[in-house]
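Structures given as C-alpha cells follow.
Shared between the two complexes below is chain A, which pairs with chain B and chain C, respectively.
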Partner chain A sequence: MNIQDNYQKNKKNIFFSENKDIQTHREKLINIFQNDRFDKKNNESLKNINLKNFIDFKYKYLIPEETSVINNNQENSYSIVCVNGQCSSFKDDKIEITKILDEDYNDFSKNDTIENNDHFVNLNSLFLNSGFKIVIKKNNKIKIKISNIITDDGLTIFQKNNYICEEGSSLNLIEEYENKNNSTSNILNVIKLEKNSQLNHFLIQDNSPNHNLIITSHSSCKKDSTYTQKVYNFSEGYVRNFHYSELIETNSEVDLQGIFFLKDNNTSNNKTFVKHLAEDCKSNQVYKGILNDRSRATYFSNTHVDQVAQKTEGYQLSKGILLSDNASYFSKPELKIYADDVKCSHGSTIGPIDENAIFYLRSRGMSKIAATKILISSFINEELSSIDNEQMSEIIQKKLVRYLSKVK
Partner chain B sequence: MFLEIKDLSVKIENKNILKSLNLNINKGEVHAIMGPNGSGKSTLANVLAGKEDYEILNGRINFKDNDLFDLNIEERAQEGMFLAFQYPVEIPGVNITPFLHSAINSKRKRKNKEEIDNLSFAKLLKSKASDLGINIDMLKRSVNTGFSGGEKKRYEILQMSILNPDLAILDETDSGLDIDALKIVTDGVNKLKTKDNSFLIITHYQKLLDYIKPDYVHVMVNGSIVKSGGSEIAAEIEEDGFQKFQ
Partner chain C sequence: MNSETLNTLDTYSKNKYKYGFVTEIDDEKPKKGLNEDTIKFISQKKNEPEWMLDWRLKAYSKWKKMKEPKWSNLSFPEIDYQDIYYYSAPKGFDKKPKDLSEVDPKLIETYNKLGIPLEEQKVLAGVAVDVVFDSVSVATTYKGELEKLGIIFCSIGEAIQKHPDLIKKYLGSVIPPGDHSFSALNSAVFTDGSFVYIPEGVKCPMELSTYFRINAENTGQFERTLIIADKGSYVSYLEGCTAPKRDDNQLHAANVELIALEDAEIKYSTVQNWYPGNEDGKGGIYNFVTKRGLCAGKNSKISWTQVETGSAITWKYPSCILKGDNSIGEFYSVAITNNFQQADTGTKMTHIGKNTKSKIISKGISLGKSQNTYRGEVSFLRKADKARNYTQCDSLLVGNQCGAHTVPYIDSKNNTAVIEHEASTSKINEDQLYYCRQRGLSHEEAVSLIVNGFCKQVLQELPMEFAVEAQKLVSISLEGSVG
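Let's turn to the complex of A and B:
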C-alpha cells in the first residue's frame, strides 16, 4: 500500500488529523515520499536499511487497555510505565505530564535542524499515534525512570515526546526499551532546556530480533544548560539512534555517548548533528561499537560551528572493534567551522581486536576467550565506570556479561 | 633436559628467520643469547612463548617433557614459561591487580592447586612490588598504560616474581633502563634464581651480564647459534663486537 493510501485508511487513529495546519504539513510530507528517489548514496538516514520495509508497512495501533502507571516512589523520584507510547496525565508541584497537543506538533514542525529528508522523522509526523509532554518545573531536581512497554505483536508506534526543563531544573531520566514482540517503535523526543537547567538522559535498549527501534531526539539548550545523552544498545533488533542538537545560547553544552553491542545480522545506525549557534559552548561525542558476526553499524556526525560561535569546543570520537571479518562499521565524523577561535577535533579508529594485547594476556596464562573478553570490557571501561548510578551500572554490567557469553 | 630446541627453522612472511637452531637448557641454569640486530633473538623468544605469526618449518622443542608445539600460548605459561617482553603492550582499562590475580590462579588451576584469595594475593603483590621498588599506586593503574620505559620493565619483572616461572625468557630487558633501574631489575631476577628454575636472557650488551651471571653464553648470528661458551664470550663481544662471528 502506498503511503498516501496507508495514511488515509488509518487517519482516524492518527493524532491531530482534523487540524488543518497539521494536515497541510502532512500533505507536504506525503509529497516528499512520493517524489523522493531515495538517494541511498547521499541520504544518511537511509544507510544500511531497507526503507521499503518501513514505508510499505501495515499500520496497527491499539489504545492500551491498561493505562500507564506513574509512581512517586521517593521524594523527587518517579517511575513511569509507558504503554504503547501512551502515558497518563499527572501533576504535582514539581512535574506535569500531559498528552502532546497540536501546538507541540506545530512547534516542532517549524524547526529546520532535522533535515526534511530524514524519512523516519517524516513517518513519525505522518502517522503520529502516541506521545506525551513532561515539564520539570523551575528549580526542581527530579529523577524519572520510564519503562516502555508494547502490548501486542505487529504494532507500529509513532510517538512524539516533549521534555521541557524549566529554568534551574535538573532531570535524571532513564529510559528502558526491552520489547520482546514483533513491532516497530518510531519515537521522536523533543527536548528543551531553559536557562541553567540540566538533563541527564540514559537510554538502555535491549529489544528482541524482531523489534525495530527508531529513536530520534532533538535538544535545544539555552544559557548555562547541559544536555547529556548516554545510549547503551544491546538490542538484537534494528536500532537507529539519531540526535540533533542546537546550542542556542552561551555556555551551553551537549555531551553525547553511544555504546552498541552487535551480533548476528543486526544493524545499528547512529547519527548526530550538533549546531553551535552561540559563544562559549561545548559539545562532546564518543561513540563506541563492538561488532560480531555479520553485524553492521554507521556513525555519521556533523558538528557545525556558526561564525558567531567563538570559543567553541567541539569533539567527536568514534571507535569500533570488529570481532569478525564479516562485521562492518562505517564512521564519518565531520566538522564545519565558520568561527576562527575554536577548539575542535574529530577522530575514528576501527579495527579488529589488538592481537599483540591478546598475545600478551595469553602469555600470562589467560585463555584466548578470556583475553578477548577482558579487552572488550576494557575498550568501554572508561564509559561504564563513569556511570554514577549504581542500579544502572549493575543493569549494564549484566547485559555486558550476557553479550560476552556469546563471544567465541 | 628442561628445554631442548632441536634443529629449529622458522619463517615469517616468506622470510626465514631461525635456521636449524639448537639449544639445550638444564634446570637451574642461566643462559644468555647475544647477537646483533636482526639475528633472530626476539623471534626465538616469541616462538618459545607461542606467538602465532610464525611458521615452523622444521625442528622440535621439548619443555619439561612436553612437546611445546602441542601447547598453546596460555598452556605454555601455565606450564611455567614466562616471557618478559622487549616492548610490553599497553592495555588501557585492564587493571594490573585483577589481571595478575587471574594470571596466577590460571596457573594454579592447571596444577590442581587451590586458588589464591583476594587478601592473600594483595599481600603477595604488595610485598613483591616493594622488593622491586614499585610504588603501590602503580598497582592501581592499567597494564603498562602511561608507564615509562623503566617502569614497564620493572613491571615485567614484578609479574615474573608473582608467577614464579620454571623458565623465564628475558627479551632485552636491559634496553631503555638507566643504571639504577637496571640494578633493581637484575636484583629482582637474582632473587628468583633457584636450582629448580632456569633463565634465558637475550641481550645486546655485556652490561646486563655483569649483574646476572650466566652459566652459558651463546652467540646468535643470522638465525643460528654460531658459538657457545662461558661468560668470557660476552667479554669478547664487548671488546670486538659481533663482526667476527658473521
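Let's turn to the complex of A and C:
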C-alpha cells in the first residue's frame, strides 16, 4: 500500500486530522513523498535501510486500556510508564504533563533545522498517533525516568514529545526502550531549554531483533543553557538515532554522545547536527561504534557555524571498531564554518583492534578473547566512566557484559 | 643561442606564414552550440579516424541524458551549453595585443612579482610574437632526448593519429565517458591535451610539462590528458603555470587520466591560476575538472599535488583507484580562495587491493567573501586487507565573511584496514602574528609568512622550480585582503 492510501484509510485514527492547517501541511508532506519516492541514491540518510519496512507498513494503533502510571516516589523524582506512546496527565507545583496539542504540532512544523528530506520525521508528522508534553517549572530540580512499553505485536507508534525546561530549571531524564515485540516506534522529541536551564538526557536502547526504533530529537538552547545527551544502543533490532541541536543564544552548550554495539545482521544509522547561531557557544559530538558479524552502521555529523557565531568551540569525534570481515562502517563528519574566530575540529578513525595492544596483553598471559574484551571495554571507558548516575552505570555495565559474552 | 636552434626558429616562424595560418581561421568560424554537427566538425578538423568520431558521438548521446552533479557546495548560474563555442582555434594575430604596453598593467605587475622573464610574459599575456625564444629552444632539445628513450610525449590529437592502439586501449578506461555529465561532455568535444607514454623500465629524466610542448599555445577549454606509465617506469608531469592566465572561455571541463602499471610511479603536479573574476565576483572561469588515476599494477604509485588559486569556481577531485596490491595513492592540495571565489575540491581514494596505502593532506585558505570546501571520500572495499589511510585537512579563515567547510566521506568494509582522519578550522594564531610583527614584519608580510608555513607540507611536494614560484603565488593571492 502506498503512503497516501495508507494515510487516507487510517485518517480517523491519526491525531489532529480535523485541523485545517495541519491537513494542508500533511498534504504537502504527501507531495514530497510522491515526488521523491525515497530516492536512496540522492538521500544518504537512507543508506543501509531496508525501506520496505517503513514505506509498505501496515498501520495499526491501539489506545492503551490501562492508563500509564506516574509515581512521585521520592522527592523531586518521578517515574513514568509510557504505554503505546501515551501518558496520562499529571500536574503538581514542579512539573506538568499533558497530551500534545494542535499548537505543539504547528510549533514544530515551522522548524526548518530538520531538513525537509528527513523522511522519517515527515512520516512521523503524517501518521502522528501519540505523544505528550512535559513542562519543568521555573527553578526546579527534577529527575524523571520514562519506560516505554508497547502492548501488542504489529503496532506502529508515531509519537511526538515536547519537553520544556523553564528558566533556571534542571532535569535529569532517563529514557528506556526495551521492547520485545514485533513493532515499530517512530519518536520525535522536541526539547526547549529556556535561560540558564539544564537537561541531562540518557537514552538506553535495548530492543529485540524485530523491533524498529526511530528516534529523532531536536533541542534549542537559550542563553546559558546546557543540553547533554547520551545514547547507549544495545539493540538487536534496527535503530536510527538522529539528533539536531540549535544554539540560539549566547553561552549555551550542547554535548551529544553516543555509543552503539552492533552484531549479527543489525543496522544502525546515526546523525548529529549542531547549528551555532550565537556567540560564545560550545558543542561537542562524540560517537563510538563497535561492529561485529555482518552489522552495518552510518554516522553523519555536522557542525554548522553561522557568520555571527564568533568565539565558537565545536568539536567532533567519531571512532569505529570493526570486529569482523563483514561489518561495515560509513562516517561523514562535516564542518560548515562561516565565522572566522572559531576553534573547530573533527577526527574520525575506523579500524580493527590494535594488534600491538593485543600482543602486549597476550604476552602477559591473557587469552586472545579476554584481551579483545578488555580492549573493547577500554575503548568506551572514557564515556562510561563519565556517567555520574550510579544506577545508570550499573545497567549499562550489565548490558556491556552481555554484549561482550557474544564476542568471539 | 646555437645555430641549430636558430634554424629551428627560422623554419618554425616561416611555417606559420607559409600556410596562411591567420586567414584560414578567419574563414572558418565555428558555430555556437552543441550538437552532432559540432562534434563531427571537431572530429573532421582534427582529422580523426572513424572510430574516434563514434566514440565521441556515443559520449554525446550519454551526455544528453545526464544532469550536472548537484552535490557540491557551489552556487553558480545555470550553464547554457548551447551558448558556447566548442572549437576555439588559436586567435589571429590582429586580435592580440601588439606588445606588453597594451596589456592590463595589473597583470604585468603580477608577472614581475612572480619573477617571470619578459619573453615569457609576452606569451602568457597573449602578445602576438612570432616565436617564443626560450620555450622553443628548450622544447627541441628536450624532444630529442625523450625520443631516444622511447618516451612518447605529444598532443592527444597527434596520438590518436600515430598511436591508435594505445588510445583505443586506455582512453576512457579510468574515467568512463558516462561517469558524470562533465566527463561525458569532455569525451564528446575534447580538442586538446597531452599524451604521455613511458615505456617499460624507463625513468623519465626530466619533468614533462605542457609548457614545453610546442603546440601548447592554446591548451583548450576541454583538455584531455592521458598518461600511461608502463612497468617499472617513472614520470613527473607538470600542468599549468603560476602566472595568471586570461581566457575567453568561461567553461572549462578537463579530463585527466593516469594509468600506472606494475612498479610504475606517476607524479602529477598542478598549479592552477585561471582568471578568478574581478573584486565584485564578475566574470572568471568555471573550472570543472575530472582527474583520476588508476594504480593498475602491484607496487604502483600515483601522487597528485595541486595548488589552486584561480578560477571563479573550482570543482575538482583528483582521485586514485588503488587496484594493485601494495599500491600507493597520495594527494597534496593547497586551495586559496579570495573575493567571491568558490572552491569545492578534494580527493577520492578507493582501496581495492591488499596493503594499499593512501595519504591526504589538504590545506584550505579562505579570504574575502569566498567559500572553500574540502570534500573527500576514502573507501575500503572488502578485499582491501591491511589497507591504510591518513587524512589531514586544515582550514584557515581570514576575515569574517568567508566560509570553510569540510565534508569527508569515510567508508570501511574491511576489518583489518585502518583509517584516520583529522581536520581543524581556525583563524590565524594571534600569538604567531604578534611574534612576527614584533620582529619588524608588516601585518601583511606576517600573514603571508604564516600562511606559507601553513602550506609548507604541500608546497614541498612540488618540483623545485615550481615550488619557489608557488610560494610567491601564495603571497600574491593574499594581497589586498589582509589588514
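The definition used in the following text is that the second predicted complex is superposed on the first by the 404 of 408 C-alpha atoms of A that agree within 3 Å, B and C clash if a C-alpha of one lies under 4 Å from a C-alpha of the other, contacts with A are read in each partner's own complex, and residues count from 1 in each chain.
The definition used in the following text is that a residue touches a chain if its C-beta (ideal position, glycine included) is under 8 Å from a C-beta of that chain, and two chains touch if they have at least 3 such contacts.
Given the structure is predicted, the values throughout are model-derived calculations rather than measurements.
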Side-by-side fit of chain B and chain C on chain A, or clash: fit
Touching partner for A:K11 - first (chain B), second (chain C), both, neither: neither
Which of chain B and chain C A:N381 touches, first, second, both or neither: first
Contacts of A:R364 with chain B and chain C, given as first, second, both or neither: first
Inter-chain angle, chain B to chain C through the CA centre of chain A, in degrees rounded to a multiple of 10: 70
A:V342 touches, of chain B and chain C: first, second, both or neither? second
Dominant contact partner of chain A by residue count, chain C or chain B: C
Touched partner set for A:P352, first chain B, second chain C, both or neither: second
CA minimum distance (chain B, chain C), superposed complexes, angstrom: 11
Residues of chain A defined as touching chain B within the complex: 354, 356-357, 359-368, 370, 374-375, 377-382
Residues of chain A defined as touching chain C within the complex: 307, 310, 320, 322-325, 327-352
Complex contact set, residues of chain B against chain A: 49-52, 72-74, 76-78, 82-83, 85, 88-89, 91-94, 99-100, 102-104, 106-107, 110, 142-143, 159, 163
Complex contacts: residues of chain C adjacent to chain A: 382, 395, 397-427
